[in-house]
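Report on one structure; see the data block that follows.
Chain IDs A, B, C and D follow the sequence of writing; residue 1 opens each chain.
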Amino acid sequence: MDDFYRELIIDRYKNPQYRGVLDPADIRFEDDNPLCGDHIHIDLRVGEDGIVREALFEGKGCAISQASADLLMEKIHGMHLDEVKKISKQDILDMLGIELGPVRLKCALLSLKVLKAGVYGLGEASDDLVED
Amino acid sequence: MMTGQVQSTPLNLEKIRDDFPVLRRQVRPGVSLVYLDSTATSQKPTMVIEAMDRYYRQSNANIHRGIHVLAEEATAAYEEAREKVQKFIHAPSSRQVIFTRNTTEAINLVAYSWGFSQLKSGDLILLTEMEHHSNLVPWYLLAERIGLRLEFVSVTEDGLLDQSDFERKLELKPKLFAFTHMSNVVGTINPAKDMIAKAHQAGAVALLDGAQSVPHFCVNVQELDVDFLAFSGHKMCGPTGIGVLYGKKELLEKMPPFLGGGDMIKRVTLGSFKPNELPYKFEAGTPAIAEAIGLGAAVDYLSGIGMDAIAQHEHVLVRYALERLAEIPNLRVFGPSADKKGGVISFVMSGVHAHDVSQILDQYGVAIRAGHHCAMPLHEKFQIPATARASFYLYNTFEEIDRLVEAIYRVKDIFGV
Amino acid sequence: MMTGQVQSTPLNLEKIRDDFPVLRRQVRPGVSLVYLDSTATSQKPTMVIEAMDRYYRQSNANIHRGIHVLAEEATAAYEEAREKVQKFIHAPSSRQVIFTRNTTEAINLVAYSWGFSQLKSGDLILLTEMEHHSNLVPWYLLAERIGLRLEFVSVTEDGLLDQSDFERKLELKPKLFAFTHMSNVVGTINPAKDMIAKAHQAGAVALLDGAQSVPHFCVNVQELDVDFLAFSGHKMCGPTGIGVLYGKKELLEKMPPFLGGGDMIKRVTLGSFKPNELPYKFEAGTPAIAEAIGLGAAVDYLSGIGMDAIAQHEHVLVRYALERLAEIPNLRVFGPSADKKGGVISFVMSGVHAHDVSQILDQYGVAIRAGHHCAMPLHEKFQIPATARASFYLYNTFEEIDRLVEAIYRVKDIFGV
Amino acid sequence: MDDFYRELIIDRYKNPQYRGVLDPADIRFEDDNPLCGDHIHIDLRVGEDGIVREALFEGKGCAISQASADLLMEKIHGMHLDEVKKISKQDILDMLGIELGPVRLKCALLSLKVLKAGVYGLGEASDDLVED
């Protein structure tokens, strides 16, 4: 059952491709999962047309949260913000390609929650953002 | 007088009774149980007992924080129970369903959290004379602490809330109107929707004590537009140790935490903390996990049978019981006529104290309750220290009412009244 | 390294494991459960599950006020459970045993009732850096409301309470010293008797969080001379939904009620009430009846095996586990040496987050916990966001520790660390 | 099982022999059982030698509480107060000759509780007075 930790996840965790900080950034948000201390910070640069030009994350935490953030940044490059808003929990699960229990789901969805709170310009990130 | 057999009910009683193991019990050799005390607590179907049993034998773990299989199964089952309850009371979101120990704790939660933070000295709370102590004492405690005024809607001779007194007292501009949906003594079903609307018009928040309504008929929080609803699992075929507070989101979100501890926090440092989101903000410490799962099973059970059919069954039962009790000389029934009430009948017999009635009935296997039923003010109003109370639920039969009546005649013999 | 087989324990593990149905479970096809998460919640023996099952199938009724057979059986069983708990913790009277939902509610009860009535603005409460959130947040809530000061006894590098810091802080004359008997993270068993005596000398009331001690070794409240003790049923082979507050009689009697409602009153009128005697004063509404009975059965079960033997077993287990974990490179264990601690081991592995450790262990059937274990301040002190925690109870074996160690090696493989 | 309500109890309930008020009284106390509204008031006249000369009760409530009070008054006539203090729960049960569950026990013991609180000169009657 080691395929649980698909190689993709371990690989992205150890060799992230979208780690970093954009300064200045058009959209910036951060939050953490108090259950485990996972932390995700996201910076976006967005064109006048609403298209994501650059997206990077910083963070610490478990393989699932960090790999998920890395894959999510990759996914939204070139996407319109309206589409970003539509990314669902299921999209993240499909992206990771694994099944997750309720606790790990929070790890997996942390980056999406941070991303959406930033895109919507909210003061605080709520779990409601990532519930289907 | 008709006998039980000719009455009709929408329920398949034989099948239902089979679901409740305790109903097969003989309380003494040769004396089978007639359980007429469901208002105090209901019996539990096998399905509920087994749901908890299974949880302990297969999936027992602490929830929310665990990553292993058991913890995930337990968490999923606990949260699924919350969703079942949500649907059962037609709440907009499961986040508005907070698990407590019982109705009492749910009301105390509102008093301590909402009351303490939103009310101030001189504010008025409107209650009624027919409340259970659980919807009185929490407000007395709060009133004492912060200096509130209390008013009580009168109860009429026949056990109804006096609606013109209610309207007069609303003019005093109460901040809260807390009242019972159904009386646990006289069985009166109060016109909650209408009264809540009037309370809102007067600017009051409305709390409904649903301890006796949620188990017995369909309660729809959105249709009622109620602000808070409290009820207990053990009265609705569920286990002890679990109850529910429903609240409107705006209200719950504004409220400070009640109990502090694990699970209700997002973050804790030395000296400060950040509360968690709803509903966890109000669920401190390891919750009653097995009991929530049991309540979920109870909700499934009741829904499977249908709340409307259950209400209808209790209605024909209580009508039959009232008719049969009316035959008995020197027996006085309190409360309104059958069309205004649920399956609860409280009575007194001249010359025999309610405790003695109950004790002798017990000799015949008939379990009723005697006392003030945690509603002393209502008993004071009626100027009696105690009543005998028979109450019905989905598993009760017409024959059981016949046995109640028979046993009451034996009481009369023994006491020579 | 020795293997598990040669270790010796006073317990008959085969027989004990047979008592716990969940231990026969395969969490995945071919993968049996290794449950190392008893600090979060313990598993339940058949005897406890069946005691509750039997109650629901045979004697279920509401208690204290009923005269019929079921109500009398239920009342007797509930009160008998209270006496069992009394004897288990060596309390002078069963009136000093108050049933709550869990440790958390028990501590909140003290904060709301004793704290609110006995403390005033500017008073100092002394806590420690190793407390569970349940022994922090209730005091933060109280401090916020009435303006208290908080101080925390430091934890040393190796996870002990710093005794000289404790003595220094006692000079500040705290009104209350609330501390854990055993840490749920590092397993440290604090010298409670000595610390309580010192707290008393300094004029403080002492509250002991016994959530991790009462289940694992003999706790004698009279010998400890402790003022309040809080613990949970679910961590000591009992059900969820039940906990205990023990208190000294003088203190409990002086305290105002906490929750208001049925059963905690002697008399209620419109606008006033008179509280009931102990312990009922603090048990509002229908209590967790089946759960109390389950806890009583758990106490019987544990006493039958013997708390000293259980403590001894856990001691040899933890010693073995610490030795085996010491073999593993880049694994750091927190807390003191085996002689100063109970059966709890928290660790981190460089390069792998605790959540990932736990998840991979779960693939091998090994259930541990990962996170801050509701003790964020302690994790902050150690400057780590999360640890992986393996914890032991009477049913755990040396072979299970071998399986833990094996699985940890697999984690290392997968992460290449 | 009607013998449960032994004739003695029904008889004493309907035809009490020690009902009444003593004014003045040397010892007077009253209390009630809030669970059911049972109420018992007791008046005693006691000689200088500590012997109970007269004992009457007033009250309302169930057959058990009233019959028990009546029988108790009879029992203590001519008894020394030191002996009265020693009357136990079991003595009352023996006197009634029936078995009682926990709730009815409170009814049966109410008069003893009131009596003892009076004899000990306490401010309030506690259940502890009648627990063996």
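Note that in this section a contact is a pair of C-beta atoms (placed from the backbone, for glycine too) under 8 Å apart; a residue touches a chain by one contact, two chains touch by 3 or more.
Computed from a predicted structure; not experimentally measured.
Enquirer: Quickly list, by label, the chains bordering both chain A and chain B.
Expert: The common neighbours are C.
Enquirer: As a test of understanding: of all chains, whose mean C-alpha position lies farthest from that of chain B?
Expert: A
Enquirer: At what distance in angstrom does the C-alpha mean of chain C lie from that of chain B?
Expert: 32
Enquirer: Please compute the C-alpha centroid of chain B, do the same for chain D, then give the distance between them in whole Å.
Expert: 37
Enquirer: List the centre-to-centre spacing of chain A and chain D in whole Å, with centres computed as mean CA coordinates.
Expert: 76
Enquirer: Using mean CA coordinates as chain centres, what's the gap between chain C and chain D in Å?
Expert: A distance of 45 Å separates the two centres.
Enquirer: Touching at least two other chains at once: which residues of chain B meet that condition?
Expert: 28, 65-67, 69, 71, 265, 267, 355, 359, 370-371, 376, in rising order.
Enquirer: I need the residues of chain A touching at least two other chains; which ones are they?
Expert: 34-35, 103-104
Enquirer: Quick check: in the complex, which residue numbers of chain D touch chain B?
Expert: For this pair, the touching residues of chain D are 1-2, 4-5, 10, 14, 34-38, 60-64, 103-104, 107.
Enquirer: Help me check something: in the complex, which residues belonging to chain B touch chain D?
Expert: By the definition above, chain B touches chain D via 28, 352-356, 359-360, 363, 370-372, 376, 379, 384-386, 410, 414-416.
Enquirer: Quick one: which bits of chain C touch chain D in the complex? Just the residue numbers, please.
Expert: 64-67, 69, 71-72, 75-76, 79, 265-267, 274, 277
Enquirer: Could you list, by residue number, the parts of chain A that touch chain B in their complex?
Expert: 34-35, 101-104, 126-127
Enquirer: Contact residues on chain B for chain C in the complex?
Expert: Residues 21-22, 25, 27-28, 33, 35, 37, 40-41, 43-44, 48-49, 52-53, 56-62, 65-71, 101-105, 107-108, 111-112, 129, 132-134, 136-141, 150, 152, 232, 234, 239-243, 256-257, 259-265, 267-273, 284-291, 355, 358-359, 361-362, 366-371, 373-374, 376-377, 380.
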